[in-house]
Amino acid sequence: MCRWLAYSGSPVLLEDLLYKPEHSLIVQSMHSTMGAEPTNGDGFGVGWYGERETPGVFRSIEPAWNDRNLRDLSAHIPSPRVFAHIRAAIGSPVQQTNCHPFRQGRWRWMHNGFIDGFHAMKRDLAMAVDPDRFADMEGGTDSEMLLFLAMTFGLEDDPRAAVARAVGLVEETARRHHIQFPMQGTIATTDGTTTWAFRYSSEGRSRSLFHSTDIATLRQQYPDAPALHLLSDDARLVVSEPLGDLRGVWQEVPEASCVEIRAGEEKITPFKPLVPAGTV
Amino acid sequence: MCRWLAYSGSPVLLEDLLYKPEHSLIVQSMHSTMGAEPTNGDGFGVGWYGERETPGVFRSIEPAWNDRNLRDLSAHIPSPRVFAHIRAAIGSPVQQTNCHPFRQGRWRWMHNGFIDGFHAMKRDLAMAVDPDRFADMEGGTDSEMLLFLAMTFGLEDDPRAAVARAVGLVEETARRHHIQFPMQGTIATTDGTTTWAFRYSSEGRSRSLFHSTDIATLRQQYPDAPALHLLSDDARLVVSEPLGDLRGVWQEVPEASCVEIRAGEEKITPFKPLVPAGTV
Amino acid sequence: MCRWLAYSGSPVLLEDLLYKPEHSLIVQSMHSTMGAEPTNGDGFGVGWYGERETPGVFRSIEPAWNDRNLRDLSAHIPSPRVFAHIRAAIGSPVQQTNCHPFRQGRWRWMHNGFIDGFHAMKRDLAMAVDPDRFADMEGGTDSEMLLFLAMTFGLEDDPRAAVARAVGLVEETARRHHIQFPMQGTIATTDGTTTWAFRYSSEGRSRSLFHSTDIATLRQQYPDAPALHLLSDDARLVVSEPLGDLRGVWQEVPEASCVEIRAGEEKITPFKPLVPAGTV
Amino acid sequence: MCRWLAYSGSPVLLEDLLYKPEHSLIVQSMHSTMGAEPTNGDGFGVGWYGERETPGVFRSIEPAWNDRNLRDLSAHIPSPRVFAHIRAAIGSPVQQTNCHPFRQGRWRWMHNGFIDGFHAMKRDLAMAVDPDRFADMEGGTDSEMLLFLAMTFGLEDDPRAAVARAVGLVEETARRHHIQFPMQGTIATTDGTTTWAFRYSSEGRSRSLFHSTDIATLRQQYPDAPALHLLSDDARLVVSEPLGDLRGVWQEVPEASCVEIRAGEEKITPFKPLVPAGTV
């Protein structure tokens, strides 16, 4: 059920993030160890911020493990902020518009998980999306719907509150439909300056999520590791599952929390859904 | 902007319909002469009825002209009722769920044209779709939306009235959005026993549509044409543009009309949108 | 590294072979248990014989597990002889021309395995292919090369000798290139009337291969199994790995042997490479 | 039958080359005016040189006109040397390994045209390729074969002589096979520092090819054209057909000639095939 990674720090080549690590996202596309499924071969996507106004996105329905274009492009694109995702579709169509990261303006959005009972709730949730944004939804996934709900609830102004409201709406709607544990997953979103990552599920048993220890600490622990010297002091990664085995590098993101990363600083706060005012 | 063909009669190989004619649908995928665009290379689809309960569909995002699978399959699949469509997307994503024919149960649906102002009207139209069907829409096209509106208005019971209501709703909604000529196109739908084809546009200048003269008449006209002896007496074709040049084979379907084909009999009646009762 | 199945008997729907079994080929595309890799998501292909002169082939680079066209087509195509293959590419490009089954005239060919040192030997092997056939090779795989070598050595006249010579040439060429164990794998080929399956590797540790017990015997063993009553007396399957758990249904094909299936009769003989006369 | 463009000069975004011009390569993918076919929808490819050692390549089998990834990537990749190609396959399989530009090390190669009688000559030509390079051919096109022949004849040392020998071999081989006019086309190749473009056909009626007038001259002619002020003095384009209408911008490359562009300087010399020494 998908795996993703979110990087911020000094510019690195996409290749260093996607291919170089021992248990890289590309390896995980065929052999993830902590996901619901080991295989995540129903497409992939990479979003990156560069010098241009609008960030770039490259999405494909091909499995990531053999994609030559991804390999080539990764070797050529440096970026200070990267979102990458590999998909395991659960019955939903495999098409580019269903690949993550999704985008709205400068914002990017990824999700690992699902909304249980989405088919039954889809219309209710769609009706709650800002009418001016409704027609901008291009695919059919629950993940994209969550982005549009978050946008509706003010993602651009206060992401944590917006995501809390979006999830709150999902849970409120689920109650009406007698669905017990609707929300599952981890979410990452960014505006190019700050990244927010969420780990939450209605049942309290969320998909895996880890964040990296700060680089300065790691350099002390591992003075001989070249990779650590290549990374900048402010380099931060949030990942569905660790990219390697090195002890002390990865720390689990607690259940029901939000990780906010800005200018190399990291802040973890509790996350709790909010039922939006005026919910139908 | 798409081209299509609808066949009914004794079983023929898909190949005979798709590849053999001089100006076949495959030829039209690269060189249509009456369409809005000569090239219809944004995917294709074929739906056919056979011995099985559920009709089959083969859809692909590849241009039809070079697709080897389509060629192979066409040589092997005989059917008494075939819907085939080649797509020219107007900006909308190229994905299998946006290829025609669309399906709901035993029904198949194809469209050549567009709804002008669809982006502005999409939410209103989506909200008019039967709530129990809403979540079954998989793509994002106006063509698929029309099918679901028709389903909502009773396509399974009275197709002509249902399509009239669907188009009526589109025009009523367009009025509220100050869109002058919303509806454009030709539509074909079938339940496997009868085929209905519609030619209508709000402006009265619809995409091209032709139907074939009955075979008995043609055999008299062309006693030496082998193709005519291969076709059964009840063979009928409705096509966006003629598959060949032979005089007298193709007759234009009048503006604002519906062609109903059943058991080899053809009936043409005027088509006029109906504003559905209780429209929002 | 690929999995395949070869069926012969009374016509069955492709769906019954590909989707219905508990450990079907579709399941194996994501979770094979006996292959070199659990995932075989680098494309698939199905070849089937029907009423037409030329058998049909449907090949795609998409993973089989989510392919809707395959599902649809399988529900509509009955055949008395079916070859189906799911691919795990080992670095070689993922493209339709590298998917199995390969075809030459009425012959179909599938392979699970590889030629070790193929890159070093490719030119020598290519030069040994019949000059009149050379340009008909469309892809770049060792599997396709083996077919063309077998064709060169008389596959159409004496398949067992032709395959023995093809493998013999590969081993002879490998000796010159100091490659110790070049040949690995299982091969299936058919002309539409008889199917030959081979299990052989230079090292004597071949990829898995099983053949089914005759149906009459199985019906006695399992009088209550509906599937067995649906299959004809002459139904035979050869598979890379068993399609289910039922005891006694599957027997391992011995190392270095050839299974020949014709009119429901099965004959197993030893297989041994022959160094062709006049080898370069 | 394909269209291409080759740019060198100060870095520009791929987007400026591929999308901005009035008759851009993207427009030509659907409506080329001087090609053998108006539609070039059988795939595309872009090769570009940047800061990395190895130049990048992005190739796809999708028609260029609707490819969102190409649009996104083009907006983000600046390069001082760009090769871009849109393909019209003539029956040969549509797959990434048959898309141009082809690559060998730092070299890139594109071709618009064909080798007549290629199927009959393919083996002879393949056998003339350097045995150490033979297995590196991944696709099946005449265009790729030409690159490998040129490599065999010293493309890396003396491109003009190497291409002359490659074409000479093709013509010599054709004579033996009684093919009258084998060679057709325009070729572009570069090592990242110099670009060579060739216009030649055995019949003397080659596919169209144009090169741009130097920018300084154009600025005098069109003092008010903003695009000309964005381009550097050393900007040079060689194109299958002009990207726009402006008088004086494009000059036809003469039949049987080679255009060499290096550091903004352009040199045109006659091109004549050489029969290589020791030809089989």
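In this document, chain identifiers A, B, C and D correspond to the written order of the chains, with residue numbering beginning at 1 in each.
FYI, a contact is a pair of C-beta atoms (placed from the backbone, for glycine too) under 8 Å apart; a residue touches a chain by one contact, two chains touch by 3 or more.
Everything numeric here is computed off the predicted structure, so don't read it as measured data.
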**Asked** Nearest 5 degrees, what's the C-alpha rotation angle taking chain A to chain C?
**Response** 180
**Item:** Length of the line joining the C-alpha centres of chain B and chain C, rounded to whole Å
**Value:** 40
**Request:** Spell out, as numbers or ranges, the residues of chain B touching 2 or more other chains.
**Result:** 68, 93, 96
**Message:** Chains as vertices, touching pairs as edges: which of line, ring, star, complete or other describes this one?
**Reply:** complete
**Residues on chain D engaged by chain C in the complex (per definition of touch)** = 93, 95-97, 118-120, 122-123, 126-127, 131, 134-135, 137-140
**Prompt:** Can you list the residues on chain C that touch chain B in the complex?
**Reply:** 48, 50, 52, 54, 56-60, 68-69, 72-73, 75-77, 96
**Item:** Partner chain C, residues of chain A touching it in the complex
**Value:** 30, 37-39, 41-42, 61-63, 66, 68, 89, 93-94
